[in-house]
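For reference, chains read A, B and C in written order, and residue numbers begin at 1 within each chain.
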Amino acid sequence: MLATTTIVADLVRQLAGDRVRVESLMAAGVDPHSYKATPRDADRLAAADLVVASGLGLEGKLAELLTRLGRRGHVVTVTEQLPEEDLLSVGGGRFDPHVWFDCGLWKRCVPTVAEALVKLDPAGAEEIRARAAAFVAALDEVDAQVRGRLAAIPDGRRVLVTAHDAFQYFGRAYGIEVVGVQGTNTESEAGLGDINRLVDLLVEREIPVVFLETSVSDRNVRALLEGAAARGHEVQLGGRLYSDALGGPGSGAETLAGALLANVDTIVAGLGGSLVAGRP
Amino acid sequence: MPPDAPLLEFHDVSVAYGGRPEIWNVDLTIDRACLFGIIGPNGAGKSTLLKAALGLVPLVGGSVRFHGEPIDRVRRDVGYVPQRETVDWDFPVTVMDVVLMGTYARLGWFRRPGSREQTLARESLARVGLADLATRQIGRLSGGQQQRVFLARALAQDAGIYLLDEPMAGVDAASQEQIFAVLTELRAADKLVVVVHHDLRTAAAWFDRVALIDRRLVAAGPTAAVLTPDNLRRTYAGEIDLLQEVGQAIAARGRTE
Amino acid sequence: MTGTWLPYNTLVVAAGVAAVGLAAGVVGSFTLLRKRPLVGDAAAHATLAGVAGAFLVSGRRDLPMLLAGALAAAVAGLAALVLIRRFTKTRDDAATALVVGVGFGAGIVLVSGITARGIPDGAGLETFLLGHTAALTAADATLLAAVSIAAVAVVLLILKEATLVAFDAEFAAATGWPVTLIDLVLVTLVAVMVVVGLPAAGAVLVTALVVIPPLAARQWTERVTTMLVLAGGFGLTAAVAGVAVTSRVPGLATGPVVVLAAAAIFAVSLVFAPRRGLLARRQEARRGRAAEEHRP
């Protein structure tokens, strides 16, 4: 089976266990918004028993390929059964695709994948369903942990500034205000007006930390730091978050749960804890 | 410089463009200052001969020597007037700018033309009768004026040998006379003036010596001796009327000398 | 010094892009006079191969390294252009298309090879070509300013040589000037400007700045030095205008707006320039006809 992103691959592995071999098309640290398929990729996708995609426009450059494969009943889109009213709109009839950091939303993608797996492997139906239930429970557990840890951030500091808008669902679910330098799609270039606006935000709200991402370039964030510094407000770099991709082997963030908790720890350390100790 | 070296010598010169021969086995020696014409029909390779002398086209055989030296050693002493079509006259430079270009080689890298160069350029312009057009953009000149600008540029090179490529082509009669007057002055100042020329009648009247070229050298020497009906027939096969006029021109010149 | 009226980032970006606009205008004037305005295009497309190559060789996504690779590729592409023109009968536009195709094609092959192999940090190398104008840092702007000044200085140094070669290369050669060398120097300046302008405005946009301001400047003058000054000035003005507009308006990328500003300047020049402008020409034609009609 071939998943498009590492995050989707994780989901599928959690449900399929050892019964199916799952591979991820994109490696850790790859930006799915801009990823273009090579002919070899196209072959791999066509040869897979099933292709699992994230959907909602995340794999922007693979859309045509996925549609073609989809016509043959070959593709499952993880988010396809999420009702529109639960999604965040970004205008033009499109939605923000970064649903995985909201545990509540992500667990509602589980049935979609479970059903597809069962269809492919009817003999393992019982095991798959059991694993699905276990994963949902695990997600609930993670959800609780996230809320617990995030409580350490004082009220006035609950603002998360990152390289691109990948955390809106996270912010909505867990009560954090989220601002990205680039929009929900890394393909659009940040304008000077956007940077100026963000520098204003950083300075006026005295936001102490901004965060980098593993799959997005640092340039925009560094420009923000310089702009804020010029107005006498020092902003620190809070560390690197996993946004559109999970971590590599050995990073502790090879699963969604691992990545999510790692993010939370990074965020808490930046906004709530040690880095800003001593400020009133 | 070897003491008895001729001013300009073509030795067994051959030029080919992409495998097609343009001129071949040309042996031509000019050993005294004079007004020398290179005559021949269209496409005979006359311009090519000049460019070969200047090293602008590669030789597939033979050599060219100025005072016994190869061109690279004596460029300072060779003035060049190319055909007018070689440049875009819409270029944003004035008459004065172009004439000053003749002084660039002596200036060398990076240095700007100074008062010495300006004076030389102004004098050159005066000699060709364009002194009051110094600030005009070159595109707004007539053909004859443009030709004279090129001549002034060559004069500013202050050379001992001048090579001119079709300087009278498409030029009004008055300008032609003016150009010819300047060339005569140069010859009087003991300079060698080699002119690729297209018009047989005026050639007969103007040049001391000529070379008849039709991809090969047909004949070279004093004008009257070279422009015989026989030679002309061999070179300009089929242009009979022309030959008669030329014969008359030669005869006229013979009477005045 | 800077506050909300003139935000720091705006100042930094303005300085960087203005430097590029100025130098591109000056350097581009000579490519225009030499009748090779697409040279910048060839350089820009070749840089992709250079960036990918440098990444593969060094294994790191280090900006100076990538720019060095870009420069090497750009110079190689342009040298190929000069040499093709010198030694074959290929026309300039065909030669340019050849270099653009080969350079960019090689670049795409390398880049997709890199992404296919999943080499870490290798994703999105081609976005390098798009530039991140808004995210220029002070260090970036300083580098841009330094290179721009150097490029303009070189042009001024060989002003007479470059003008001579652009106007009459045959006479230049006949009087002993190394025409190919001078061409290579000018072409290298373009390559350097393109490469250095990559982070500021992106490859495609830098080539626009190399072509449009000189074209506009040409409309207004018949002197080379004036043309250089105007071209540099137009490039700088377009840069400042583009930055000023996008500084206030959210969601607009700066690079393209700068190019639009340059295009606007060109449009005005095309129509309104005295003597060479469209209006002026129409008036002159009308006067000419009137004179004809009034002849006895």
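FYI, a contact is a pair of C-beta atoms (placed from the backbone, for glycine too) under 8 Å apart; a residue touches a chain by one contact, two chains touch by 3 or more.
Since the structure is predicted, the reported quantities are computational estimates derived from the model, not experimental observations.
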| item | value |
| --- | --- |
| Innermost chain, taking as reference the mean of every protein Cα atom displayed | C |
| Label of the chain whose CA centroid is most distant from the centroid of chain B | A |
| Approximate Å spacing (C-alpha centroids) for the pair chain A, chain B | 78 |
| CA centroid of chain A to CA centroid of chain C, Å | 39 |
| Residue ranges of chain C in contact with chain B within the complex | 33, 35, 89, 157-158, 160-161, 163-164, 166-168, 170-171, 173-177, 218, 221-224, 226-227 |
| Residues of chain A defined as touching chain C within the complex | 26-27, 29-31, 34-36, 38, 40-41, 188-197, 199-200, 215, 217, 219-220, 222-223, 226-227, 230-231 |
| List of chain B residues in touch with chain C within their complex | 18, 54-56, 72, 75-76, 78, 80, 82, 86-88, 91-94, 97-98, 101-102, 104-105, 107, 109-110, 112-113, 137, 153, 157 |
| Residues of chain C defined as touching chain A within the complex | 2-4, 7-10, 12-13, 112, 115-116, 118, 120-121, 123-124, 127, 130-138, 243, 246-255 |
